[in-house]
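Below is one structure, written out as structure tokens, with a few remarks after it.
Chain naming follows the written order as A, B, C and D, and within any one chain the residues start at number 1.
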């Protein structure tokens, strides 16, 4: 097999063992060298990246999380994918305000100080852009899982259930079945969110992400967290919530994030991210160093609740076996799966297929396209295939 | 409320006015005002054309706004080109179903580098200009809060939207009880033909840069060195 | 009440609302401005810090995590507490090796490439230094919970169960009941770990932390993860595991991390971190801006398993009520609790008291000192008290 | 093993020798060799005294290594001063129970800025010197692998350790089935006297810097401004 496998140790032993390294023979660096630390210099390849040609500007654009290099379910906040429509800002939280208005007894204004005084919850949830894997509807377009699936991240979010704020303003849940979230950036992103999700307590007005405040790129100091719903609804720099009795049909609800069907109609308000999975190791653009044992691992998720099972195939889908799921499996959260594999050096096609607690099974490209065609752009949750060639090289492919 | 005494206060009328800018399909939120196509062309050329092209056709900063709609579409409320798999792009005017959406979005977000800088009448005017470019309104038209509901009746794709699916996570709009697509949890001898049908061409291998530099340098695998291949 | 409460809005409204901010009227920054992002500039106060006078050098020292500013249970890796004995290093992972030797059929050497090919697990665990809260055994010594409790962090760790490696080397679990972990830094830290924990599969040879590789300060590229056990046993820069039939009595097992009892004996091998909790908001060194509603929140954990309950008192321990526990509560992991409180502006003493699934109840200082005296240095898990003064100022106190 | 074919390899003898440096209380792992107190003093003054002081008494880089032990302690194997609550510090020699620990640690970690640079005989010698400073061995003593077990019998705190507790998370050493301390889950009218018994003195408020700068500037509370008070 190809690749940069470590040279076999000489007869007496590996020089990295026999000659004690400098760090075993010296004094290292002091505590608090960095009051806020950073990754090793040897991790410099692990970066979020843009896909050339995808957008014409970098402020209305996307950067993709390097899923191929991540472990477990938490996305380091520095590598969280980005999607901006009019660029990102670092907003002074002492000047930021949240307004609640519309169909409420009294419109309200909250400072960040006040929001952070209210009872909060902390929950792990995935966020996926509705356009994730969108470039692959028609055919293979990009080489690695960073680009195929990297508009996906998962964090522990901390915030106040939006329900609490609506109750403070005086909401009538029988009358008002829709909520508008609006951002404070240039795009002032607006999206309609169903009151059902708000009423359940799931939708949060969040300030915390992975133990610290949200990152500026992810909406500091306040964003909407709408578990299971596509990322665009997780309005960043959240400045206003309006309560109403009908949806708003905003630009990103009728011109984008609408799914073009073969009959020329657009499906609108397809907000939910259906059950999906992807093998991240090994994955496209990698090369296996050797034959032998590998642990196939990847991520599975569902906007409808918990992942119930993930199956893995190494023969392009002819046969499958159940993968292990890492506990705890949480609702509307990434789940990490793994399966043992001994690579015999022959070509193999690796796939994963997730099933969620509602019984929904992730479809093949054939099954998905049979209904939705190839031009939807959004909500491509088809089974991903990686071809392992004899050279060890792994390629993004689609199988017929 | 009593439970959280001292947290939050009532918004003033001026505050709500300053921020409550959304315009709904039923035109709730639309301020009174008007603007002609002619004035709109002026605004457009001054503040919009540099990015979107004089006729809204440019693809250099964003996708084209105008094009791909016809008089037939205006009559039917369905953009026929959306059915054509050979039709290259999808412009804003091909997709947008509600005129309120254009008004609301231009008002809140355009010009891109100076959002919320337009006056109400400028928004009416430039919206009128875009509608005229698509033949939705004539060249001598003046769009206003009084006639915008009629204009809605001529939007080329006004009947092009459906909520007949199971992907609205609430009750209000759900048009289908069950998902439209469903996989099968076959475990062996599955009826598939695992032939590779799509693969990146060799010349495109380096289009995303050298993949060796996009993977960790330690672990079960490396990134493939694609530096020898040409960028697309 | 004292403090910098926001000025009340003028009659027509808050200028932060009436005058649209710059970010609502302009174009923000592009995606991937930072391939690896960082916190907002407004979060600059949230740093790990040293306690002046605690150690004579900064390479054999500690930096404390800012618990007072953290949310949920995940500690951002950049704020993870540090404890070095001979400084930290950024080790080239391609040259790092792990040796397994001692009572095994064949001593083994593994490269990082090889370790990362094996089946891995990802689990959330707390790590607490045995000396956490050590400065407070006799009396109040430091002002904030960063210094009283900040040798505590919690991450999602990814790695290979040590059991897997021992089985590959050929271990006899009946004969070998102890394991030595040894680091590759100057201190080559060595600690004895019980085989019982290894056999259970809990002890990991870990390379991942919160989705990315370990940070250099936390042992990049490899560390031992010994859930429930004090941090010093989580050997960093792990280079060697020796299997044996008796403990090693290393310097940090007989000179440090031993607990001095009133009778002059030292308890040795007190490795386990017993059940403990601390209120982080509000906490020492803070000032409440106003009377009214507050959400008291904090962290609870136990080295023996899951936290079962946390109670909160605001009257110095005379009366208590159960706090809410944020799901999921995981074994040997931080748990976030919260309780509603309306501050009437009068002095209050806030405390929390955790109970774990074994039924163990966190003791008061009186109960703890009755058995262990005041000179143990290690394993101070007494109930923490914060005095809220009329001014709103919160002070670290002990109650009699 | 078969399951993970191709992962890991047998270590060579030279490799194990290079890294397997630990010395256990039963002296497993102790290499043959010897060193005199006199030679130890030389090594000490050259390579150790700058940090630990000529007599191991310095508190400037680390806590004192030597002091606080007596001839009686050597006889009893219990350091009496450890019982005294009025005794200020605890030196290394007061605490260390096993001589192997000293040998092992000096060999692996000292000198602090050049660990693993000492030869085997130098480790023996400097260990002998430290033991002599504590009167464990006489000034003319030569410590060696042959006599180190006898020296162990004179370690001042050799009987000072106990595992009679429930905090070893395994079976091997657990000396108690149940935790020594147990709180009470009293919920009301609890028999406590919530009087403040310990508080930081006012002059120490700023000893850790200005706390206003150590808290977020937004949220339910701020850090207290302590900049007006003197540092300790």
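As a convention for this text, a contact is a pair of C-beta atoms (placed from the backbone, for glycine too) under 8 Å apart; a residue touches a chain by one contact, two chains touch by 3 or more.
Note that the structure is predicted; figures quoted are calculated from it, not measured.
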{"item": "Co-neighbours of subunit B and subunit A - touch as defined", "value": "C"}
{"item": "Centroid distance [mean C-alpha coordinates] between subunit D and subunit A, Å", "value": "46"}
{"item": "Whole-Å gap between the CA centroids of subunit B and subunit D", "value": "66"}
{"item": "Distance from the mean Cα position of subunit C to that of subunit A, given in whole angstrom", "value": "27"}
{"item": "Where subunit B touches two or more other chains, by residue", "value": "4, 7, 9, 11, 15, 19, 112, 115-116, 216-220"}
{"item": "Residue numbers of subunit A (touch at least two other chains)", "value": "9, 14, 17, 24-27, 42-43, 46-47, 49, 57, 59, 69, 86, 93-94, 99, 109, 113, 117-118, 186, 188, 213, 221, 239, 289, 292-295, 340"}
{"item": "Touch-based graph of the chains, sorted into line, ring, star, complete or other", "value": "other"}
{"item": "Which chain pairs touch, all of them", "value": "A-B, A-C, A-D, B-C, C-D"}
{"item": "For the subunit D and subunit A complex, residues of the former touching the latter", "value": "3-7, 9, 11-12, 14-15, 18-19, 112-117, 216-220"}
{"item": "Subunit A - residues contacting subunit C, complex", "value": "5-6, 9, 14, 16-17, 21, 23-43, 46-50, 57-59, 61-63, 69-80, 82-84, 86-97, 99, 109, 111, 113, 117-123, 156-158, 184-186, 188, 207-208, 210-213, 215-217, 220-221, 237, 239, 289, 292-295, 297, 326, 328, 330, 336, 338, 340"}
{"item": "Residue numbers on subunit A that touch subunit D, as the complex places them", "value": "9, 11-14, 17-18, 20, 24-27, 93-94, 112-113, 116-117, 213, 221, 290-293, 340, 342"}
{"item": "Interfacial residue positions of subunit D with respect to subunit C in the complex", "value": "1, 4, 7-11, 15-16, 19-22, 24-26, 59-62, 78-80, 82-83, 85, 90, 92, 95-98, 100-101, 104-105, 108-109, 112, 115-116, 157, 160-173, 179-190, 192-200, 204-205, 207-209, 211, 213-224, 226"}
